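Common to both upcoming complexes is subunit A, partnered first by subunit B, then by subunit C.
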Partner chain A sequence: MSALAQVGYVARRSVLRTARQPANIIFPFVFPTALLAVTSAGLSPATKIPGFPSDSFLAFFLAFPFIQGALFATMNAGTDLARDIQSGFLNRLALTPLRGGALIVGQLGGIAVLAFIQNCYYLAVGLIVGVRLESGIVGGIVLIILATGVAIAFGALGAFFALRTGSGEAVQGLFPLLFVGLFLSSMNLPRNLIEADWFRTVATFNPISYLIEGLRSLIITGWDWEALGLAFGFAGLLAAAAMVLANWALQLRLTRT
Partner chain B sequence: MAQAHGIEAEGLVRTFKGGIRAVDGIDLRVEPGEIYGFLGPNGAGKSTTVHMLTTLLPPTSGTARVAGFDIVKEGPKVRTAIGAALQEAALDSLLTGREHLNLQCALHGIPRSERRARSQELLERVGLTLAADRKVGGYSGGMKRRLDLALALAHRPTILFLDEPTTGLDVQSRSALWGEVARLAREDGVTVFLTTQYLEEADALADRVGIIDHGHIVAEGTPAQLKAQIGRPTVEATPADGATPEAIARILERFGEPTGGSAKGVAVRLEHGVSDLAGIVRALDSEGIKLENLALHAPSLDDVFLAKTGRSLEGAEEEEAEVEA
Partner chain C sequence: MISRPKGRFRWASKWFDRSAPTATRARPARPDAGTASGAFWSVAFAVAWRVLHNVFTTPSLFLPGMIFPLFFFTAFAGGLSRVDNIPGFDFPNGYTAFQFVFVLLQSAAFGGVFTGFGIARDFEYGFARRLLLAAPRRSGIVAGYALAAAGRWAVTATILTIVALAVGMQVGGGGVDLVALYALALIVNLAGTLWASGIAMRLRTVQAGPIMQLPVFLTLFFAPVYVPLALLNGWLHSVASVNPATSLLEAGRSLISGSTDHVSVAFLVAVGMAVGLSVWAWRGLRSAERAAL
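Moving on, here comes the complex of A and B:
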């Protein structure tokens, strides 16, 4: 049986599992859009700061839900795998001819499907409330591809943590940490407008800033190849590193001969 | 499903962190089509042995061949030949029974055209047709165990590993599972390696039994052979009001050596077997001793365990629990 077919079977199960856990669906849809509404209402005067790149804070902030949605992917992918480890289901899978890599990719396949739907929803919400995509329809497609890629990268990170710790609680503990990482980025302001030096430095070294800026560029700038290159580059690097780590952790976890 | 190879292990050892030797040099041989009962208390090394034989855990030393394949060098071939239902019924509470079977069949490479029929056949076999499309989260313990067994059989394995398959089940579910396991071996020729901590399970199901304690096999043979090693039956007399245990003991000792009985009773292992019973009754009657109860005990596997380890299986359970705590 081909690895691709195995990925398909595992991904189908992952999608079914996600669809049958309302909390896994509701939170990624509700929270990011609620925060989008609250934050853009509260921080809209920021657009009057000289040099602010957009006259709509809503448009500026629309990149946020895509990243927060990706963080939910971390948690979902991780807790699902941790549950499989704790229940012994991973051992059941290990007794089949399933390849280790197919297990991880399949698990992420389910996450990718959910992330894709989430991202279409966030974009639709933005367009409904009046945000205009400077990069046009093609930019919208690229935006969804990039955001889904980011979700896969974060999902792989969640899978790595689950495989290393074998604990759903440990994976959930990672979520606040990543959320802090999100706040210490250029989420609320462009980096050049952050006045506190330490914050600007942290945001500059924080890869999440580049993911957000890439997504944001498609919404408020148009085609900014540098921002897009950095965003795709960091997403790809993060995904590759997390996949390698997850695969390594799986080898340690699965001691089958 | 007849097969040429069963299970062979030589000097199988598994050491964990801290130097704990969970399995300490096991040699065993299970013939094709045989039901082999692996009996022992919690923590004796049963599950670790199963994990090694099913290729989920590499041995620290020693060798084993399952279905003719080396468990270390030919893991994937071993996995193709075996089915396993491990200690906890490892199921996904969000999937239905049928979805579990479809996934299992798919991952084992059963063609799409056969999957549905195979799943249905297995659901019927384990009596889960009506619950097939319900999520497993709502299944009872017995239903989960039956589904677990069906999943282990999905790819028609020639060797089946069942790790404490009836632990926690009610009598009815246990009996149904015993029936199915026996049928698999007798009718389909499947070799069954069954771990259990229930004496009656090993006694009722197994063609041969291996008793494991502290990682060692301390006795092996058919249940009848093992009991015969202990030899003669015991008789236990419980005095009625007014009779003294000492008086009873004096009479019983003429028929055999004293052995452990209940708190109220006096027990001896009969020197000449069951034929001594009539003499005991006559002797007690002639002395005018009244009894509340007189019981003849055939040797049990617990007696074997006691003879081989110095502890009863129940006592060993408690001891292991204390060690784990």
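Moving on, here comes the complex of A and C:
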């Protein structure tokens, strides 16, 4: 069987497994949208701060659900893989000719499908409630591609943690950490408007700021090549690093078992 | 017979001795020694001790309830401090104090919700069924969980307050105001526990976690979290105007700045919620009894 076919089988299993667990589908759709609604309404007066880059806080904040949805992808990828390890399924897979790389890529393929659907949904919600993309239709397509890439990168990170720890609970424990990373970024205000120096410094060193700013630029600025370059660059770097680490962790785990 | 506590639990053995019935009877006899209220409190203290022991010796149970309020406080008070420059933002003690009150009340409510997770876990693993069989006064079980939630939140609130003061929070209220603020938060904690325990005792599964969390989360966030009510507009202003959490937040912010505006309404709302939810929890307990015995 070719590597591509192996990837296809694993991806199909990943998609089906996600589809059979309503909690894995409902929460990535409900939570980010609910937070988008309450935060954008609650912080709408922030657009009156001098220098705020948009008249609509909703448009400014629309990048948030894409990143939060990607965090859910991390949890789904990691928890599913950890369950395979805990149930012994990975050990049985190790006896088959399935390649390690195909297992990880296939798992991420399932995450990519779910992330793509999520991202289309978030964009549709934004458009329905009146957000207009400054980068136009092509910008919307790039937005979905970038957000799906971010989800794959986070998914690979979740897979690495699952393979390294072999525990679904450990993967779940990663979620608060990533959530902290999200909150300590420029998600609520542009970095130049963050008043607390220490917070602005943390947000500047936090790669999640650049992922958010890349997505946001397509919504409120148009084609900001620097923001897009940084976002694609960080997403690519994170994906590559996490895939290498996940592959290494898989080799270790298969050696052990 | 349930066994006497050993090791680190030994000091709690008096409660078990007084309330130890046989597990073979659906409704055990009242303890020989002590009154009905004595049995109630012995059950309550034993349950509270067990929960607190579990929480404080298991980092995965304690840390989320501790870390989340701290990072919400950090993200809101640190990242959004520029919000107090918005025209019309007239809170006198600065944005850190403004957000501290929200995070304090949120930590109180979620302290109760996290305790509800523990109740659901006890039901899922079968411990709660044994507890129902053993307890001479079953309402003491709910009281025990509520005591544990309060104890757990007290630690969170202490650390949160220390952090807030360390980063320069301005407090305008005096001692009485602050006692009233923490008392208000304690009632919110009780209401959160009663809400979550009602859910946990009806559904008896950890999977009910989102049902405990989401309504509390939405109720809190449909209030003036980031700016005062007067600065909100649109649908959120309409919702926040009728949301009981708004009066709690406004009273808390009044108290920390040394004013008594909205305070009596907030206490009425909080006590009303606690009373209503105690009926909800009590009926949940009855539901659990019917299912378990």
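FYI, the second predicted complex is superposed on the first by the 255 of 257 C-alpha atoms of A that agree within 3 Å, B and C clash if a C-alpha of one lies under 4 Å from a C-alpha of the other, contacts with A are read in each partner's own complex, and residues count from 1 in each chain.
Operating definition for what follows: contacts are C-beta pairs under 8 Å (C-beta built on N, C-alpha and C of every residue); 3 or more make two chains touch, one makes a residue touch a chain.
Keep in mind the model is a prediction, meaning the values are calculated, not measured.
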Discussion item. Under the stated touch criterion, which partner chain does A:Thr201 make contact with: subunit B (first), subunit C (second), both, or neither?
Written reply: neither
Discussion item. Looking at A:Leu193, would you say it contacts subunit B, subunit C, both, or neither? Reply first, second, both or neither.
Written reply: second
Worksheet entry | Touching partner for A:Leu16 - first (subunit B), second (subunit C), both, neither | first
Worksheet item: After lining up the shared chain so the two structures overlap, which partner does A:Arg92 touch, if you call subunit B first and subunit C second: first, second, both or neither?
Response: first
Worksheet entry | Residues of subunit A touched, compared between subunit B and subunit C (which is higher) | C
Worksheet item: For A:Phe27, is the partner it touches subunit B (first), subunit C (second), both, or none of the two (neither)?
Response: second
Worksheet item: Which holds for A:Gln6: it touches subunit B only (first), subunit C only (second), both, or neither?
Response: first
Worksheet item: Which parts of subunit A are touched by subunit B and by subunit C alike?
Response: none
Fill in: Contacting residues of subunit A [partner subunit B, same complex]
1, 5-6, 9, 13, 16-17, 20-21, 84, 87-89, 91-98, 255-257
Item to complete: Would you pull the subunit A residues touching subunit C in the complex into a rising list?
Response: 23, 27, 34-35, 38-39, 41-46, 48-50, 169, 173, 176, 179-180, 183-184, 188-189, 193-196, 198-199, 203
Fill in: subunit A-touching residues of subunit C, taken from the complex the two chains share
60, 64, 67-68, 71-72, 74-75, 78-83, 85-89, 207, 210, 217-218, 221-222, 224-227, 231-236
Fill in: Touching residues (chain side subunit B, partner subunit A) in the complex
54-58, 71-73, 75-76, 78-80, 82, 84, 86-88, 90-92, 94-95, 99, 103-104, 106-109, 135, 151
